[in-house]
C-alpha cells in the first residue's frame, strides 16, 4: 500500500496530486441551519474531501422577515425600531443609519449634544459588539472561557445602556431629530468606571487569547482574502480593513462628531483570520480612545429638536446614507414619493456582503478552519436575511 | 520501612482453598465495590468539573439541587435514565448499542489494575503496564463504532478523528511510559510504585522524568479526548462528534467513561511519575521520610490524583482546540522525536546508573 | 477597481504589529527563558519556550479567577428579588400614569394608537359618555405584539403613559398578555376635579379589570367580523342589483336591436 504524500503545492492549492490506491470520494454536508457555529439559522452546504473543504455555498432565507417591506407600511419613525432587529449587536448604528437618511432628506436640524450622544453610544456599542465577538470567537475555536469573560464585560456596557436607554439589545434610541432620552445623570460616571475597568481587562484578553500559541497557530495564514477580492466581493468593516484597505466611513465620510476626535484605523496586511482578529482587538482600543475624548466634552443643548409626534415628510426622490457599524457599512436607500411613509426602502447590510467572502476563503481549508473563518467574519444572521 | 503489597486478588486466592464459596462471594463484593467506586467517582468528577469550570469563568455553577448543587449530578443522572433512548432509523442498531458499552468496558478493565494503596488494588499483574496500555485501547473501539454506526456524517468525522488521534498518541504515551519501565526495571504497577521509595521518577531521572511526564500528560489528554485535543467531540465544529446521535442512558455511558478516563489518566500519571501511593521520600533522609510516612499511602494517592485531575481541568478551561492537522503534526513531528530521544537518554542513564539515589 | 480613490489619508492608518511585545507577561516559561542566556530567543527553541510561556499566561488568568471567588458575577435571580433594582427607564411593561386621586389624563386623542408600529394599542371610548364628550372606556395594550420601542410614551402629549420595570410578565395563558391599562373607565382628571359631589365623581368612574383586555379584543374582532359580513352582504346585494339592471338594459337593447354587439354580454 503506497502512502499518500501531499506536496507543499498540493497543500497550498488544496488539490490532491498523488494518485493513491485508497480512492476517496467527495461528499456533501449541511452545516446548519441548526449548528453551534453558524451563529443562527444560516445554512452552509459544504463539499468536503475528508476533512478538507472543497466548496462552501451559503443558503439563506431561514430568518427572512421582510423588514424592508414592513418599512413601507409605516411612517419613518415606525421604521427606526425595525432596523434594531437586523444587526441586533449594533442596533444603535442601525438606528443612526435610518435617522441619518431621514434627517438628510427632510433637512432636519440637530445640535452638537445630540451628535455627541450618538457618537458616544455608538462607540460603546462597537466595543460591546466586539466583546461578544471575542467571546464567541474563543468558543468557536474550542475554548469556553473567553465566552464568559467577553460576556461579563459586555454586561457592563449593557447596564449603562439600560440606565440611559431602557433596553439592552433593541434600543430604538436614535430618532429622527434627536435621541429618545437625554443621558442618565450617572452616564458619565458609569462610562468612566467602565473605561477604567475595561482597560485593565484588555491585557487579560491578550494573555488568554491573543498571545496563546494555539490561537496564533490556528489563525495565521488561514482564510486569506486579498484586497482586490475583498473589494470585488463588497466586503466592508474589519473584514475589508484586515485585507489592507483602509476604508472606514468614520474617517472617509465623517458623520456625528467623528471628525472632531482623534483615532486610528487599524489595517491588516495579509487578510487572514489573524489580521481580522487583530483589527477587531485594535478597534476596541480605538473606540475606548474615542469615548475617552468625548465623555468629558458633551456639549449642552436639547436632545429632541422636533416634536416627537410630528409627522416627517421627506421630499420626493432617492436618498442614500450610510454609517460604519461594528461589522461594516450599513447603507439605507430611501425612495420617497413625498408622503409621510417611504415608497421603498433598501438596506445594504454589511453581513450579507461579508458572508460571501467565506466561499473565497474556505476553499482548501479544514472544517476547523471554516469555523474560525466564519467566526472571524463575525456574521449576524438576521442582518443577512433581513 | 517496607510496604507489603496485598491485592484483593491474592486475598481471594488465600480464601479459595478453605471455602470456594467465600472466595466467590468475595469476588462478587469486589465487583460491586469497583462498580460503586466508579459511579461515585464519576459523579464527584462531573460535579467537580462543573464547579471548577464555573469558578474559572467567574460563575457559580450548579447551586440549586442540594447544598451548593451537590446533588445536581444525581438529578442529571436520573434525568438521563428517564430520557427516551433513541436509535436512529438508519443506524446499525447492534453496533450503536454495543459502542458505549465497549467504551465503558475498556476503562473498567484498566480500573482493576490501578494500585491505590498497598492494600487496595484488585489485581497486580506482573505485566501491569502492558495490560493497561492494551486494554485502554478498547476505548477507541467504542468511539469508532459509535461514530460509524450512527449513520451521521458529523459522527463519522468525529469517529475518524478520534481513531487517528488516539492511535497516534498512544505511541507517544507508550514511549513515555517505557522511560519509567526502564528506570524501575519492572512492568508490575506495584513494583513501579515501590521502585520510587527513594524518590519519584519525575525528579530523580535528571530531566528525563520530567520530559516523559510532560509527554505522557499531553498524549494522555489527547487519548481521553479532552480540550485542547477534543477534536472527536469538537462541539463548535462537529456539533457533538461521535455521540451526536446518542441520548439518554447510552449517552451517559460515553459521558461517564470520558470522566472516568480522566481519573484513570490522572491515576496512571501519578503512579508512574509521582510515586502513586508512595509518600514523598528523598533518598536517605530518614527523618524527613518518616515524617512523610505519617500520612497514609491511600491519602497520598488521592492527593496526587486530585492534583492531576485539577491540572487536566485547568487545561480544558483555558485552551482553545487544535486543528486536526496540527494535532497530527504535534504528535508525529514534535512529541514522537522528543520521546525517542528521551528514551535513549534514559536508557543511557539507566545503564550508567546516572540518576539520583541509584541502587 | 479604483480602490485608492476611497482611501482616507495615509497618516490615519495604524500599522499592525506582528506579535504583541513578548516581555508583557513573565510566567514560569518566561522565567526559564530569561534565566538561560544561551537560548536563541527568536529561533526554534525560543519559539517553543515562547509557546509554553503563552500557555502558562492563559492559565495564570483563569487560575487567578479561580482563586478569587469575589470575581463571580452570577446573580442568583429568584433569591435576589428584594435587592434586584432595575433602572427607572427600563422598558418592561406599559403603564398608565394615575395621579394621587387615581385619575388619568387620557383624552382619547389616539396619537399613541397611530404611532404604534404594530397595533399593540387598542383604545375604545365609551359609547354613551356620562360627563364629557370623550371618555375612555378601555386602553388595551398587547404585550404579546409589543416591541417595546417606547414610541407611544414619547408621542403622548399628556404624559399619560410610561414604561415601568415590572419585568416578570410571563403567564401561562396567552390571553392574559392583553392588559387593560386604565383603572377606571371615565373622563380625564380635569373633568373629574371640577365635579364637587364625590358621589357623582364615583358614579362617573367605572372600575376596569386589568385582565379584561382579551375580552375587549375578542369583542372588537367579533364586531369587525359582523361589520365585514354586513358589508359583504351589502356589496353582494349591490352587485346583484347591478347585474339585474344590466341584464334588464341588455334585454331592452336586444329588444330594440336584433343583433347585439358581443361586448355587451360582458356584465362582470
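Should a chain be cited, it is by its letter among A, B and C, assigned in written order, with residues numbered from 1 in that chain.
Here is the rule we go by: a contact is a pair of C-beta atoms (placed from the backbone, for glycine too) under 8 Å apart; a residue touches a chain by one contact, two chains touch by 3 or more.
On a predicted model such as this, the values are computed, not experimentally measured, just so you know.
Taking the mean of each chain's C-alpha atoms, the chain whose centre lies closest to the overall C-alpha mean is A. Relative to chain A, the most remote chain by averaged C-alpha coordinates is B.
Across A-C and B-C, it is A-C that has more C-beta pairs touching. Separating the CA-averaged centres of chain A and chain B is a span of 44 Å. Work out the mean CA point of chain A and of chain C, and you get 23 Å between them.
Spacing of chain B relative to chain C, judged by their CA centroids, is 54 angstrom. Among all residues of chain B, those that touch two or more other chains are 56-59, 317-319.
Taken residue by residue, chain C touches two or more other chains at 55, 58, 61-62, 73, whereas all remaining positions touch fewer.
The multi-chain contact residues of chain A, meaning those touching 2 or more other chains, are 145, 152, 208-209, 212, 214. Across the interface of their complex, chain C is touched by residues 52, 54-60, 63, 314-315, 317-319 of chain B.
Chain contact summary for the complex, chain B toward chain A: residues 53, 56-59, 153-154, 157, 161, 227-228, 230-231, 234-239, 317-326. On the chain A side of its complex with chain C, the touching residues are 74, 77-78, 80-82, 145, 152, 155, 162-167, 170, 172, 175, 180-181, 184, 203-204, 206-214, 216, 227-228, 231-232, 245-248, 251-252, 264-269, 275, 278-279, 282, 304, 308-309.
Chain contact summary for the complex, chain C toward chain A: residues 1, 3, 6-8, 10, 12-17, 20, 24-25, 50-51, 54-55, 57-58, 60-62, 73, 86-87, 89-91, 111, 115, 117, 147-151, 154-155, 157, 163.
Within the complex formed with chain B, the chain C residues making contact are 55, 58-59, 61-63, 65-66, 69, 71-74, 76.
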